[in-house]
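One chain, chain A, links the two complexes that follow: it is found with chain B in the first and with chain C in the second.
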Partner chain A sequence: MTGLITPERGSLVLRSSGRVPVSGRFHVRTVLVCAALLLATAAVTFAALLLGAVVHTPAEVVRALAGDAPPSVELFVVQWRLPRALAAVVFGALLGVAGALFQSITRNPLGSPDIIGFTAGSSAGGVAVLAFVGSSYLLVAAGALTGGLVVAAIVLLLSRGGGVAGFRLVIVGIGLSAMLTSLETWVVLTADIEQAQIAALWGAGSLNAVSFGYTGPAMVIGLVALIVTGVLLDRRLTLLELGEDVSASLGSDPGRTRLAAVLAGVVLVAVVTAAAGPISFVALAAPHVGRRLAGATGVCLAPAACTGALMLASADLAAQHAIPGHSFPVGVATVAVGGLYLVTLLIRENRKGAL
Partner chain B sequence: MNTPEGRPGDGPTPLRAHDLTMAHDQHVVGEHLDLEIPAGRFTVVLGPNACGKSTLLRSLSRLHEPRAGTVYLDGRDIHRMRAKDVATRLGVLPQSAVAPAGISVFDLVRRGRYPHQSFLSRWGPEDERSVRRALERTGMAELADRPVDALSGGQRQRAWVAMALAQESPILLLDEPTTFLDVAHQISLLELLSELNRTGGRTVVAVLHDINHAAQYADHLVMMSGGRIVAEGSPAEVLTSELLAAVFDIDATIIEDPVNGGPHVITRHRAPAPVPTTPTKKVMP
Partner chain C sequence: MPLVLSGLVLALTVAAAVSLFVGTESTGAARVLAVLTGGGDAEARALVLEYRLPRTLVAVAVGASLGAAGALIQAYTRNPLADPGILGVNAGATLGVALALVAGMASTVGALVWPALAGACFATIAVLLLASTGRGPATPVRMTLSGVALTAVFAGITTAIRLFDPATFERHRSWVAGSVAGRSLDDLATVAPFLAVGLLLSVLLVRPLNAIALGEDMASSLGVDTARTRLLTIGAVTVLVGASTAVAGPIGFLGLMAPHVCRLLVGNDHTRIIPMSMLVAPVVLLTADIVARVIVPLREVPVGIMTAFLGAPVLIWLISDRKVNTQ
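After this line comes the complex of A and B, so read on.
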């Protein structure tokens, strides 16, 4: 099998002339940006392994990862810090992609799951399960997924008249989010005090209690969903951006694409939310930042994933160590920064007249 | 039907509507339509606003599912074919095509290759050739790297035609492609379509508004009114003052086009029918 790589219009064309023809076209800047983002994410992750109540040297961390460090070092690095650091990377990527999916199908930069209520739905579902049922991952995940799907159905139904795109969807979503947040508060208030405390902690969005036992399944399910989404939906969403008619006339069913994207997005959000509680802002901002960095147009799932990973990894590192002696839930950090970002975004969109 | 001999693409009717009834929700826009699109010809559909011509075009291109009746593409029910199979046979330029912000002409045109691509083979040599050919034929090769939203209306429409051409489909359907263009760009687009039809042997179907453009470029003219096909044939056969009066409610004089010898329509707003006057008799005492 011979391969062929040719540069063309800022893209690399890859072709293999085997029995099954394989070919693809890659935007060079996108590939470079993704590589750089992943490198930066790796650096942040490594820093997260070094830092803590006990600061280790890089050499110790490398040895611990390789499996020949003293048990005390391994306990800190591999047992405690690694699951949390990896979870931040994977969950960040999932949220970034979920945001890119929703922004693409709503054709609205504000159409991210944390604005249009899907995150709040997952969160309310999760809190209800935690408060009244139990705290195993699968139970919480089922609750979060149900909450997310129910909200997705309601939002899509209520915004039908205005089309999936646009203002109405965002407004309906914001309204539902507010209602769900108060519902969540009510659930916490009525629940048994211990469970209420667990639920409230979870509701802040935190990676504090992360261990492989709890988040392992979430990471595996999430990564699988991520890859399936990328492979199956990327090109179809690119076509859908040309409008329903053009997409249909090129042989891709717009209704099915949209439904698949909503389902995939809700699953991605629910997987993360069930494991770590609601973490906002990443899904909103990662797609914008990633697209801008890559200098590309359209849906851009890969840059969104890489940017999301870097954002959540950095946010969690900052939440743990920015103020010495105080470790915040990462959700608090992202909400604080995200609020500012949302305000600037609203002002910019308002000026463009897109709202 | 006029059939000048020796044209490429002549053959059995590739696209045919049988007993078509079309409706939007409860509102029926056309009933029991039968239509055959002649192979290798430039067919123009004319008719007043809301006569159902756009819906007919959408039904022919599988974008609108008719209430009853069947559209046959190469003898097969188009709504039972795989969407990708239809897309390799039939390209569509819908009425309101808006390119995403910032997308380049090249990126737009290459999306037309989707129906020919597969999961693994996403950008083969054939894709590259088709896109280059489409850009050259539409005169867009030099503008390939420009963002679509920075182009003039006429260039933008050409970029969309290039996208449909990259599909390499033998049939091309266009819904009011000249609307919103100035007259020079209208003519240049119609010349392009006509050339694609003549030299490429493509079957072209376009919904147009301008009667004289239709007269000048169509081989085959379909006149619609109130959801029915009221006349069909060569422009000379279809364009008569009686029919134009009945369909558009205009007074029209048909003269011979001094350039190409075809019909040319001179239109005037229809004067209200004169009130019959009865001579008044003076009653003499």
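After this line comes the complex of A and C, so read on.
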């Protein structure tokens, strides 16, 4: 077995022959940026473990994580704060990747699941299940997944042959989102006030209800889906971005790549939505920011995932502690901040004359 | 043209009449007729005169205003996808109302008119500014996206306020779906002056807007003061949408649909489209409201939800088959 790592203009190329031949190319800046993002995410997560109604010292938190702390400290840190902090990281990564997938296949920087209606579909499916069936995670997840897939199918069907950089896709998505949102409003309206508050909280996108029992499966399923997506689709999507013909001639069927990417994206969004409700705009912004930081071209799933994780972790920390005494759903923070991001994105695209 | 006009007036009369007869609770047609001719039993009188009649009148007034606002904004922006709901004006008014409620203002229509107007005005100006930044004209797609972005910001803040204060949530949630049910004649009287001013302005703006349809340069050379027209149009849209939203909550897509129906009926002339939208929109709103009363047994659907279900397909239909030039 021989391994060889050679530097090559901004990249490291790995070649290894042996029983399992491996080869790969790593963009050095991407790797460094991802590492820095992960470090920052870890710092934010640690802060999330420290802060709360009872503020702990870093030493106490470390001991609690290692498993030898007084039960009261362990209750706060491991039982209550850790699930939420981890969920923010994992869900952020999932949303970032989902956004990168959709933006890549629609070839449109605005083609995130929030804007083309998939998030609204998942959310409507979830709310319907919450209101009429029950609130166990698997049920809500099934509802969210069904809603997401149905809306994905309708949007893609209606916007067929849209051409023009997928603008028809965006408008169709906006129309469908409007219908689904009004449907949700009605469900909230007909429920009694307590249920309505729960549904409204869920509909705003919140990590409040997170515990290992409820979202453990979501995190596991999501991480598996994430890794499978990364391994199978990253390269194929990069090929697809070079054009359908190039992709086909290099042995990757464009139609199948696109279908797989849509399915993967819907699954990722639905997993998050079912656990935490619709969290908007992370999927829109994370891929752009990640790509800029990494200074790379192409799909950039890894930077999108790391940026998404950092974004959602920070947003949740801010939503919990920015205003003392009030804990907001994280979705409220991401909608307001993400809406502003969309505004700046539009201004930038307008300057380029792209729209 | 006279044929279409009389047809619309007839349709509006029929819709208004049906609106008095149909409800969640079925009242015999004979009892309603007795009330209308000045007699009738107490229960039927209460139902028809205190509930259905004000509701019908509110639907007509709000419908006419939103139809006119949609026609104005489509004519002025030369954007067939424009609609107060899509462009975020409704969301702005909603935010204004939420802020007013959390500041402790009464939840009566009279108290909410000004905050709704302020929110609508802010949103209208913000969306027009945002869409016209940078190079090139404010295309329909740019405007729609600007509306979506601003709606997101406004809605995020509104949600935060609602969750901050459960009492506001309770008062706000019935309002936020958009409905004409349970409104009184006093509510209507409070907003009537605003609506009247807005409708009058829209009629006066018909000719300048027709000239602007040819392009701003052409309009100036035809003697139209484009700056004044812009100011008046924004003012009229703000007053119409703000006052309608104050009384009925956010009702989307009506302003999108009505002008397109008119365009199919009478062609591309704003001197006809704008007044006709004032007739078509109330017919659509009344019909939607009547259906909303009976579509789910014993449970009323707010009419704002019905209009979203009618209007979103219209939006999708407009964008398909290149009926709208997106570039």
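The definition used in the following text is that the second predicted complex is superposed on the first by the 343 of 355 C-alpha atoms of A that agree within 3 Å, B and C clash if a C-alpha of one lies under 4 Å from a C-alpha of the other, contacts with A are read in each partner's own complex, and residues count from 1 in each chain.
Just so we're on the same page, a residue touches a chain if its C-beta (ideal position, glycine included) is under 8 Å from a C-beta of that chain, and two chains touch if they have at least 3 such contacts.
Since the structure is predicted, the reported quantities are computational estimates derived from the model, not experimental observations.
When both complexes are superposed on chain A, chain B and chain C end up sitting side by side without clashing. In the superposed model, A:204 makes contact with chain C only, not with chain B. In the superposition on chain A, A:142 contacts neither chain B nor chain C. Using the contact criterion defined above for the overlaid structures, shared-chain residue A:40 touches neither chain B nor chain C, since it reaches no partner. Within the superposed three-chain model, A:156 lies out of touch with both chain B and chain C [touch as defined at top]. Of the two partner chains placed by superposition, only chain B is touched by A:242; chain C is not. Looking at the shared chain after the overlay, A:346 reaches chain C, while chain B stays out of its contact range. The larger set of touched chain A residues comes from C, when the choice is between chain B and chain C. Judged by the touch definition given at the top, the superposed model places A:75 against neither chain B nor chain C. Of the two partner chains, chain C is the only one that A:179 touches; chain B does not reach it. Once both structures are fitted on chain A, no C-alpha atom of chain B lies closer than 18 Å to one of chain C. Overlaid on A, the two complexes show chain B and chain C touching no common residue of chain A. Chain A makes touch with chain C in their complex at residues 110, 115, 158, 164, 167-168, 170-172, 174-176, 178-179, 181-183, 185-186, 188-190, 193, 196-197, 200-201, 204, 280-281, 326, 328-329, 331-340, 342-343, 346-347, 349-353, 355.
Those residues of chain B that touch chain A in the complex are listed here as 58, 61-63, 82-88, 90-92, 94, 96-103, 106-108, 111-112, 114-115, 117, 119-125, 127-128, 144-145, 163, 167. Of all residues in chain C, those touching chain A in their complex are 81, 85-86, 130-131, 133-136, 139, 141-142, 144-146, 148-157, 159-160, 162-164, 166, 169-170, 173-174, 176-177, 252-253, 299, 301-302, 304-305, 308-309, 311-313, 315-316, 319-320, 326-327. Within the complex, the chain A residues that touch chain B are 9, 13, 15, 20-25, 231, 235, 238-239, 241-243, 245-246, 248-253, 297-298.
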